[in-house]
Every structure is written in C-alpha cells, then in structure tokens.
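After this come two complexes, each holding chain A, first together with chain B and then together with chain C.
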Partner chain A sequence: MTTTLRAAPAATIRTWLRRNLFRNRVDGVVTVVSAAVIGTVLFRAARFVLVTGRWEVIEANLRLLMVGRFPTVHLPRVAVSLAVASLVGGFVAGIVHQRQVAAGTSVVAHLSVVARLADLVERFWPALLGAALLLSLTSTAGPWITVGGALAAGLVGRLVGARLPALTHPVVVVAAVVTPFALVAYLADAVGWDSWGGLMLNVYLAIASMILCFPLGVLAALGRRSTLPAVRWISTGYIELFRGAPLFVLLLMANVALGFFVPAGSAPGRVARAIVVFTLFTGAYMAEIVRGGLQSLPRGQAEAGRALGLSPTRVTFHIVLPQALRNVIPAQVGQLISLFKDTTLAGFAMGLFELGNISESITSQGPFRGQQLLPEVVAFVALLFWIGSYTMARESQRLERKLGVGRR
Partner chain B sequence: MTEPTAPADAAPSASRPPLWRDVRILRVAFQVAVVAVIALVLGTLVGNVRANSERLGIPTGFEYLDNPAQFPIPDSDFRQAQPVRDAIGEGLGNTLRVVLLGIVVSTVLGVLVGIGRLSGNWLVRTAARIYVEILRNVPLLLLIYFSYFALALTTFPRVADAWEPLGLALFSNRGVVVPWVDGGIAPLVIGGVVAIGAAVGISRWRTAVADRTGAPAHTARYALPAMVLVLSVAWLVSGLGASIPERDGNRVTGGIRMSPEYFAIFFALVIYTASHIAEIVRGSIQAVDRGQGEAASALALSGSQRLRYVVLPQAFRIAVPPIGNQYLNLSKNSTLGAVVGYFELARVTAISVGNGAPAVPSYLLLLAIFLVLSLVLSFGVNVVNRRLALVER
Partner chain C sequence: MTTDDATGAASRLGDATRPIKGDPIIVMEQVTKRFDDFEALKSIDLVVGTQEVVVVIGPSGSGKSTLIRCINRLEVHDEGRIVVDDTELSDDVRNIAEVRRETGMVFQQFNLFPHLSVLDNITLAPRKVRKVPRAEAEAQAMELLERVRIPEQAEKYPGQLSGGQQQRVAIARALAMRPKVLLFDEPTSALDPEMINEVLDVIKDLAREGRTMIVVTHEMGFAREVADRVVFMAEGQIVEVGPPEHFFTDPQEERTKEFLAQIL
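Let's look at the complex of A and B:
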C-alpha cells in the first residue's frame, strides 16, 4: 500500500477501475482472465436457477423437506414449539441487551428504532431471505402462521425481556435451559422420534448433540489436563480415538454394529443412536477446543484463586472455566456449524429421514423419479444449510469482535 | 502410579489430616474409582458383544478375512473369489488415491484462493471471498451429490461429443481421461526424485555462495534448468512416452481414466477442503505482524519478494498445524465416497458386512486403519511443523 502526499483524487469510476482492477499489465491480464471464468460460472448458475431449473419439485415436496412425514394433525405442535423457542430466545436477547446497556457496552442502544431494524436486517438478511423464499413457495396458511407466530413471539420476548426486573433473570436462564427438553418432550409425545424428518430433524440432531456434548467435552478437557495419570490417559484415549475416526464410519457402525454392544433387544432407536454418535464425536472436538481455552489462560488466574484459599474445584469452576469458555465461544460456534452440516451423514449411513436422504428419495421415487431433478433439490437443500451456517458464522464473528478475543 | 506411604500404619500425627481428607489418598482412590468404572463399562461392552455373537452364531475373530469376498470392484483386477483381505487392500488403495492427490491439489488451490482473498484486485478478492463463504457453509455430502449427479453424470456430455480442452484431457459422463506416462510409473518416480534432489542441491549451493560472497543467489535460474535437464535425460534413457487420450467415435484410448465416482469424490473433497485451507492461509497472513510487511517494503523488496521472503514464511509457521488438521479431515471425509458408490475402505467394509462378514471385527478393523492413517499424517505434519517452528529460548 503506497501512501501519497497529494490529496486523494476524486473517486471516479475511472480511478476506481485503475486502482482496483488495472493497476499494471499483469493485474489487467488477471482481471480479464478471471472475469471470463467468473462470467462463465455466473452465467451457467443463473441459467440453472432462472431458466433450466425445474423448481416445481421443491414446491411439491416442500413440506417433506421441512418436517418430513410429521402427521398433519400434529403440525400445530411444531408451530407452537417454534414460537415458544423464539419467545425464550427473545427473553434472553432482551436480558443480554439490558445488561449491555447497564454495563455501557451496547453498540445499538443509542441508535434510533429504524437504525436498529436496519442493523437487524443487515445481520440476519440470509435468514430473512430464506424465510421469504420458503413462504413464496407455499400455498397454504400453515407456514405463514408458523413463521409469523415465531417472529411475533421473538419480538414480544425481546421487548418484554428488556424490561424484566433483574430479580427474574435467573428464572429466565433456568427456562432457557429447560425449554429445549420440554419442547422435545412435547413434540415426541405426539410423534415418536423415529418418525421425525426433514430440516426439523437436522436442526434437532444438531442442537441435542451440541447440548449433550458440552459437559462431556468440558470434562474430557479437564481430564486431559489433570495431574492424575489415570484420568489423563483415559481422557486422552477417548479424545484421540474419536478424533481419529471418520464420523461416517462411526454412524455406519452405530447402524449395524451397535446392537452387539448392548444386551439383546435393548438397542435404542435410530435417532437416539445418531445422537449418541454425534455427541461422542463432537465431544472429542469440543474437548480440544476447551483445552485450547484452558491453555490460553495465564497461570496467574488459577494461582490467584489458590492464594485466596479456594479449593481446586472452586478455582476450576469459578475462575478458570468461565474465562476459558468465553475465550473459545467462536470456536464452539464453528463446531456447531460443522455438526449442523454433518447431520446430513445420518441419512445415508443410518437411513434417517433427514434432508440429505430426502433429496435423494424424492428424485428417485414418486412422481419425479427418473427426471434427473437431483441438482435442483440438492441446490435448494444446500441453500437451507448455507443460510443456517452462514448466519451462525457471521454472528460468531460479531461476537468475536465484541469479546475482543486475542486482542486483550 | 506411585503408591503413597500408607498413613494407616504410621502413627497419626497432629499435622496429618484424617484419611478422608488426605489429598494423596484421595488422588489414588479417585483414580482407582475412575479406572474401575471405565473397566466395568468396557467389560460390559465386550461381554455383550461376546454374548450376542454367540447367540447369533457370529464369529468374533478375524478369520473372515480369508473368506472369498464375493463382490466385484470396478476398475481393478480384483476378482470375486479373492479373499476379503484383498478387497480391503484394494479399498485402501482407492482411499489413498483420493487422499494423497486430494491433499496436494487442495493445498495448491487453497493457498491460491487464500492469497487471492487479500489481493489488491477487486475482482479476484471478491470472487475468492464468495467462493470461500459459499463452500465452507454447505455440507460436504451435498457437494458430493452435486458433483456426481449434476456434474459428472449430467453436465458432462456423452463420449461421442466429449469436451476436449486443448486436446489434452477428455471430459465425458463416462469419466475424465487425462494424459499419463507410457511405460510404467517407476522410471518417472525415480527421475522425478533425482531431479528434485538436483534442484534442492543446487539451490543450497547457490544460497551458500550468496551467503559467502553476497552475490545474488539466482536460485531459480540455476535450479530449474538443472531439473529440466535431469528430467529430459530420464525421459530419453527410459524410453518413456506420453499417453494422451484420444477419442475415436465412442472409444477412448490412451491417458489414464478417472471414473465418474472418483472424479465426483475427488472434486468435491478438493473444493471443500480448499475453502477451509484458504481461510487458514488468509488468517495466517493477516496474523503476521503488519510491521514485517512494511519493513520489507521499506527495504525496497518488490511485492512478490515481500510475500516470498518475509510474509509467507512467517504465515506458514502459523498455518501448518491447522492445515494438518484439514488433511486429517480430508482423509476421514474420503469415506463419503461410499455415498456415490466409490469403492473406498468404508464401502468395501459395508459391502463385505452385507455379504456375511461379522460386523464388529470388520468395523473395528476399519477404525484401526483410519487411526493408523491419521497417525501417519499427523506425524508428517509434525515433522514439517518442527522444522518451521521458531527456536525460542
């Protein structure tokens, strides 16, 4: 980067082009060649999306892609669960905001309502776009009520949450922990796990495994740094075994070989098996992430705790872990993203009716078989995953900037 | 584990805490308890496997490896009557073909895209960013489906009107054919090793001369011709020939063929892993202290010299461990070739289990092979890492 002493010339298209595309001869050649390649790719992609793609296969199977074969009579339960989840999420966001304002760290507090809405749109445009696309593909009222209800509940939760007295905050935290379990019980009460499907199942697998793997990962990370040799060896063995094994093979194994490891006739259902595998696998990675966080913490923190006369357990849980876990939140989100993407493996390996499996089956059976529509379905499903993963990744980056990880 | 002195025998002194609060006792007791629980769990699992296998009359040993496999493997000399052992060997070969080539190609692509993300050229920078942000955030399985069903089988034309870029390679829905050497791979490998050895030797010599005399090293000016010379001598001596794919109607001769399945898994793995490597490379370059690049500019090094001598060596030091992790991920993800019917290890194992091989030993063997593969790969990465690591106090 060169610095000139002259005042910067007025930014015209010409100077912009010269600065960014044609600085010298080589740069010009690079620009022309890459423009040709990018143009070809863009042209083919646009032609596929706008002209040759036969998207009626998505429209006809949208419900299958979203909720699988969940019976129609019980679909209101899905809508209610989504609304409750976003209400609780709104409460939490509201409380976080309240605390940030109190601590003076809020970025958006001084902005006008319009600017804050614009900030929200800027943060969640992929998700909003995805919701709009999904709604544009439906012809029934159900999805509209579901999405509208979830949005309204989230808004109400956020507004009420920002005004909740500090006394109720612990209640909300407890509610946030209990809600996922309660909602699963509520849904599974109507329709057994093994009949769940679609995007709902992918999301459920990811969230359930993430919640379960967290304590496992923290324990294994502490175990790996323990001064007790037996505990250290066992933790290291677990972590390295599961990090060295391909997830796909573990899932295949759970499908055909798990029955051998439990007493005859007591093998759990397929969804439970998948959750067990995802939990054990992600737990090993989580352990390494947490270990990184523990290592990044200066020794002085633990030593200061000891000097205050705290017991080793208290030092770990009140001083070391809170700081270490906060430092690795972005890495944990990264792990959640790859877990979300990896849930597609359960379909092929275990026959779960999740998105990867559905894309394959709606193009090989039923009215759309033999028409080579897999590209359309795979592109649509990939878009759904992209929206989820990209939104999480961006939120994680935002959080990273906010926490100032690596800069303090 | 060292046993602490048993305080029960010693006379209790005032300074000694009671047994249940003696840290040394607690440490041992806790470890014994943990080991006992783990042993109990593992013992139950093994006992269950044994009981279930006995009940179903399934063997638990590895004798099945000698039974005939009873399934064919396309694109190989494997015959159905050969034992399962050979089928697994074939599968390992197929896995390694994807993994080794995949590591090389995805590293090259990933480094290019990673540098491209920081390019001064707006078009290159934006395209690299879009590439990374799309590819990193979609499931690999869908990429594999897409590159198999949408690309390799549908978009690629029939053999009769195959794409032949520059007349060198041939893309059709029956696979991709690329040029290859005629007359065995051994002379090529030997020639290549000698040529690389010569190039390394010459550049070491030139560097030593430059260090001693201060004259410009001109490493590339000396080493590259030497390499070309050695290669062409090897070429002439061994009578190697190039085999370029040629099409005559529907028949393709010459070159080496990648099946659509191989192409799909290879292509998807490469573009997916490259997007992750690109992010690592970008992060590592940005992690190099700004002052380093500015100091290089102040010394009047050119842009490429600044990258080559100052920024990249430091960036790679940061990038090697995470890139090594990506190599491990790539090798594990290669099992997804099974999804499009590529005969790598997981698919061979799944089919042989379907044909009557006992499930538990088969999958344990598969896991063991991958553990060994992971160990070998991380050993290699560690060697590189140790050579690059800063020697500190």
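Let's look at the complex of A and C:
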C-alpha cells in the first residue's frame, strides 16, 4: 500500500483505490481485515488518550517523573543547567552554521528566517511536542520557566554563535567539552547523584555513558586489531566478557556483588556504578561496531597513508577512523538508542529512582494505589523515551546525509 | 641454489644491476619474498640509477607489484637487502619512515582518501610529515594540480571525479612529498580506455623531467616510449633486462619472446 496518489495525476480516487487496495480478491480481503484491525486499534488508543485515560495520575506526579525527589529549593539549578547546556549547544550550532556558510555547504543559508524556523520545527517536532505536552499538564510556573529559559538560551546562543569571530571558536569547543562536567558538578554540589531521579536521571545516565563508551569502544576496536598480542588479548577479553553477560545481570552484580571486592563505605555510589556498567557494556558493542567499520575499509586506504610516510597513529586518526566511523553511524546510533532505553533497567536492578521504577511506585502506593493506572503511566513514559529515541534516529540520518555529501 | 640456477642468474642479472644512467639510488640484492609457501620474489637483484625510468612488465602473478611494494616496505622482504637513497630497509621504523618520505607511490586503485577534498588529499602528508604550513602546502598543491592539468577540481571530493582525474590527483599527492623516487603500480589498469592517455601523458611529462621512477605497467607503447630499461619478470624472477629498443625488437630469452608474442 504505497502512496502513488500523485504518480498518476489523472487517476480518480476510485481508480487509485482499485489499483492500490483492491486489485484482486486477496488484496481486497487483506485491505478490509487490516483496515478493521487498524481502525479498532486507533479507536481504542484514541478513546484511552482522550476519554478513559485518567491522566490526573501524570499531572499529580509530573515532578516526580521529571526530576524524582530532587529537593524543591534546588530545582532552579536544574533550570539553570538546562539553559546553560542549551546556550552552549546554540553556540556550537551557530559556529557550525557560520562555517558551513563559509564553505558553501549550508543547506539552509538561502532560506528566510521563517523557513529556517519551520525547518527547525520539522527537525525537532517530537521534542517540541513533548515540551508542549509537559506544559499542558503542569499547574506550576517552574516547567514554564525551565522550558522557556532553555529555548530562549538556545536561540540566543545560536544567534550569537553565528556571529562569533573565528578566533573564539576553539574557546567554544573547549566550553562544549567542559560544560557537561561542570553542570554535573553544579547539580551534584547541591544534591548527590544518588538522590537524582526521574527523566533527569535517565538522561544523565544515558549521556554520561554515551560520552564515556564512545572512546572506550574505539580504543577496544583498535586494540583488537593491534599487532601487539597483549593489547589484542585484553581488548578481545574485555569485549567478549561484556557482550556475553546480560546487562540486567551486570547491573545486579554492580549493585550486590561489588561489596565482595570493595570494603564497605568506600564503594562508589549506585549511580556511578550504573554509569560504569552502562559504559563497559555499551563500549563492548561499540567496539564491535567500530571494528566492522574498520574492516569495511579497503586495505589500500591505510597503504596509501603509509606510502606517504604518515605514521601508524596518523594513518589511524586521519585516514582510517574518520571513514570507519562514518560508515557505521547507523549502527552506532542504534546502540546509543538502546543504551538510552536500557537506563530503565537500572531502576529495577539497582533501585535507582528512574522512570521505570517511578512508574511502578506511583501506581502501587499513595493516592493512586490499586486503581490500575499503570497503563497511563507506562504510556507516558514510553512517549518520553520515544521522543528521545526518535530524535536521535532522525539526527543521525541527517548527519549521515551531511557527511555523505560529495563522497563515495 | 643449484649451480645451473646460479650461472643462469648471473648471465641475466648482469644488466639488471647496471643502471643505464645516474648513480645507484635503489639497490636490491638477492631479495626474496614469500607469502606462506609461495615465493613471490626469488633472489631479485636490481639497481636503479638516479633519473632512470625503469618499466617492469610481465604476466600477472609474476611478482611485479610485490617488487615495487617491497621498495617502500608495504611488503616486508624475507631475505636480501634493499637500500633506497643510502637507507637500508630493516625493522627499524626510522629507516622505514625515511624511505617512505623519499618514495612516492601511485596505486592501481588510486586509493585517494574519499573523506578529504582533493586539496586535503594532497596537503595531508606534507603538512603532517614535513610540517609544511597549510598556506604553503596548499599553494604547492595548486601548482601540482596545474601540472596534472586539473586545478579546477581542487575543492571537490574524489568521488566526484572520473577515474583518470582521480589518478592524476593521486600522482599530485605522491609528488607533494617531493620524493626522490616514484613508484607506479599499474597506474592505468583500473581506468576506462578513454582515460588511459590523460594519465600516461602526465607520467611521460614526469619521465622527461628526469625523475627517477619504476613503473609497473601493461602499456607497451608507453614502455617503449619512456623506459630507459625494460625489466621482464616471470614467476618471481627477473628474466630479461634491456633498453626498450633491444628488448622489444630482439629479446634474448624464450620466455620473453613468448610473452611479447602474446601481447603485441
């Protein structure tokens, strides 16, 4: 059932229907049955969302779902952190835009401001939808200030970033690298990691692990192909060990069994342990993905580099890795999306107060206990994860297209 | 080695170790290369002089490519000695780096870096290895692109160029390191017929400038035109060596005659 509506301009609705949905008897049966199934599902979903769903459970627990039990007095820090992250992100986007315009590779430079805003909305509509939903559910000013501040900071950053002189660009790059760490320190200074919760914790676990697992995966992939046996064995051992164990079990072990190896009191907190497990686990998969990318390159690439007199390190970092990583962007992003969703396991394996765990607890205690409201909560949580995952997928496709321009 | 082989080798190799012009710059002595059980090169002796153009021909699998790939150590020889511009190739990475700086190689499959623009392909090694400042490296790259007759392609990526253009960029890239020796590994074998001449013309220009080069090729007309010496290889050995006017008209060895009869 493809949309060939415009392919044949002369076709009326009637002939289109016949050609695409009722070509023969089997087609007709398939069409009617699937229409019935899809119709029923859509009807029930719509009824659940619009009529029967008791969304007051979300409204009442919105803050818990977003930031867990983060103390109220410190919530402004969350808003400030988001705004700063957004500002720096805006700077980077602005600089990227500036450079693309200079290089003539920008695809939006010729568009009007309105068209560019429309492009942004088209690009990030799931996240904007999520923000709108969030604001429609809240009854306090906090989320409005947070969302508004983040959007405004991003916009200001983008506008200023596009006008920053080239000399300052390295400063911004350094800032972009340092900011995540600084913000984490700023938040943790008020409230220790182990008291974080909600979507904020899921996002934190995911981003921290993503940042750490990427270099680890690249190093392990290179190590597995090293000519030095010891490096090769260690890399292979690490990869196979962590690919061979279920993530849930690893998280359980980090939660329970770490006490056997580390004296009580000196063990790192649960969030830190979760990040270590996510990093090691995803790093092992990243290593195999990157190794696939390395193997996909023709041997001639490295040979050409060596023949030019480039050192092995330079051959790896200037010639082999850039191509290998680009070739495996879809698989890498897929793995990172998995990581984001798998952060819910930390709730059940380690008792962290993240979204999955919260869903359980708000429907099993307090005023909403025993009212079978889990579907509402789970649907909401699923939507939050879908927004994050789908945005990552779309951005990766964009990146792929961009990097693929004019190249093999 | 049996006595027969030794005497046979001696009579053939008299020429191979005597350059027609220049002081020796590449010296290969008794070079043997094995891939597992297969002997790709069997005690090769060959000396190339400065400004000499040596064209290597022979049937596929005869060891031609292996021979020139040993000279910049893309292949590691198992026995014998290889000296390039007074630097002997050994496991010493400094020597290997030194030899690779002084030799430029052009590959059958071009092997341009697809993620870099034409200009970046050419300037990468000068900037990173020779530490030439970017502006200077780019100016030099533009000169080289003029010489290979495609300055207008500087900002493009390899994937946007035809095979002949790519190979000319590859030649410019090899030249950018100002090598003393150029190695060509079947530079026109992967090209569509209509593009072969544009590449051969560039190589002929280089030969006329008096560059030292070893060219592995199947282009006999080209060999006849530019070679100072033609080396014929078969089964990992140098069978016959001579100036093209003798080599093509009056080959001495039976194996050479057979080969020439097949291809001419």
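Assume the second predicted complex is superposed on the first by the 392 of 408 C-alpha atoms of A that agree within 3 Å, B and C clash if a C-alpha of one lies under 4 Å from a C-alpha of the other, contacts with A are read in each partner's own complex, and residues count from 1 in each chain.
Definition applied: a residue touches a chain if its C-beta (ideal position, glycine included) is under 8 Å from a C-beta of that chain, and two chains touch if they have at least 3 such contacts.
As the structure is a prediction and not an experimental result, all values here were calculated from the model.
Enquirer: Should the pairing of chain B and chain C on chain A count as a clash or a fit in the superposition?
Expert: Partners fit side by side after overlay.
Enquirer: Is A:311 in contact with chain B, with chain C, with both, or with neither (first, second, both, neither)?
Expert: second
Enquirer: Using the superposition on chain A described above, determine whether A:319 touches chain B (first), chain C (second), both, or neither.
Expert: second
Enquirer: Based on the superposed arrangement, let me know which partner A:119 touches: chain B (first), chain C (second), both, or neither?
Expert: After superposition on chain A, A:119 lies in contact with neither partner.
Enquirer: For A:189, is the partner it touches chain B (first), chain C (second), both, or none of the two (neither)?
Expert: neither
Enquirer: Which of the two partners, first being chain B and second being chain C, lies in contact with A:382: first, second, both, or neither?
Expert: First partner only.
Enquirer: Is it chain B or chain C that touches the larger share of residues in chain A?
Expert: B
Enquirer: With the two structures laid over each other on chain A, which partner does A:56 touch: chain B (first), chain C (second), both, or neither?
Expert: After superposing on A, A:56 lies clear of both chain B and chain C.
Enquirer: Please state the minimum Cα-Cα separation between chain B and chain C in the superposed model, rounded to the nearest whole Å.
Expert: 6
Enquirer: Once the complexes are superposed, what residues of chain A are shared between the chain B interface and the chain C interface?
Expert: none
Enquirer: Write out the stretch or stretches of chain A touching chain C in their complex.
Expert: 298, 300-301, 303-311, 314, 318-319, 322-323, 326, 406-408
Enquirer: Touching chain A in the complex: which residues of chain B?
Expert: 1, 27, 30-32, 34-35, 38, 45, 48-49, 51-53, 55, 120-124, 127, 133-134, 136-143, 145-146, 149-150, 154, 328, 332-333, 335-336, 338-339, 346, 349-350, 353, 359-360, 363, 366-367, 370-371, 374-375
Enquirer: Please name which positions on chain C make contact with chain A in the complex.
Expert: 72, 74, 97, 100-101, 103-105, 107, 109, 111-115, 124-125, 128-129, 156-160, 173-174, 177
Enquirer: Looking at the complex, which residues from chain A come into contact with chain B?
Expert: 20-21, 23, 27, 30-31, 34-35, 38, 228-231, 234, 241, 243-249, 252-253, 256-257, 259-264, 337, 341-342, 344-345, 348, 356, 359-360, 372, 374-375, 378-379, 381-382, 385-386, 389-390, 393
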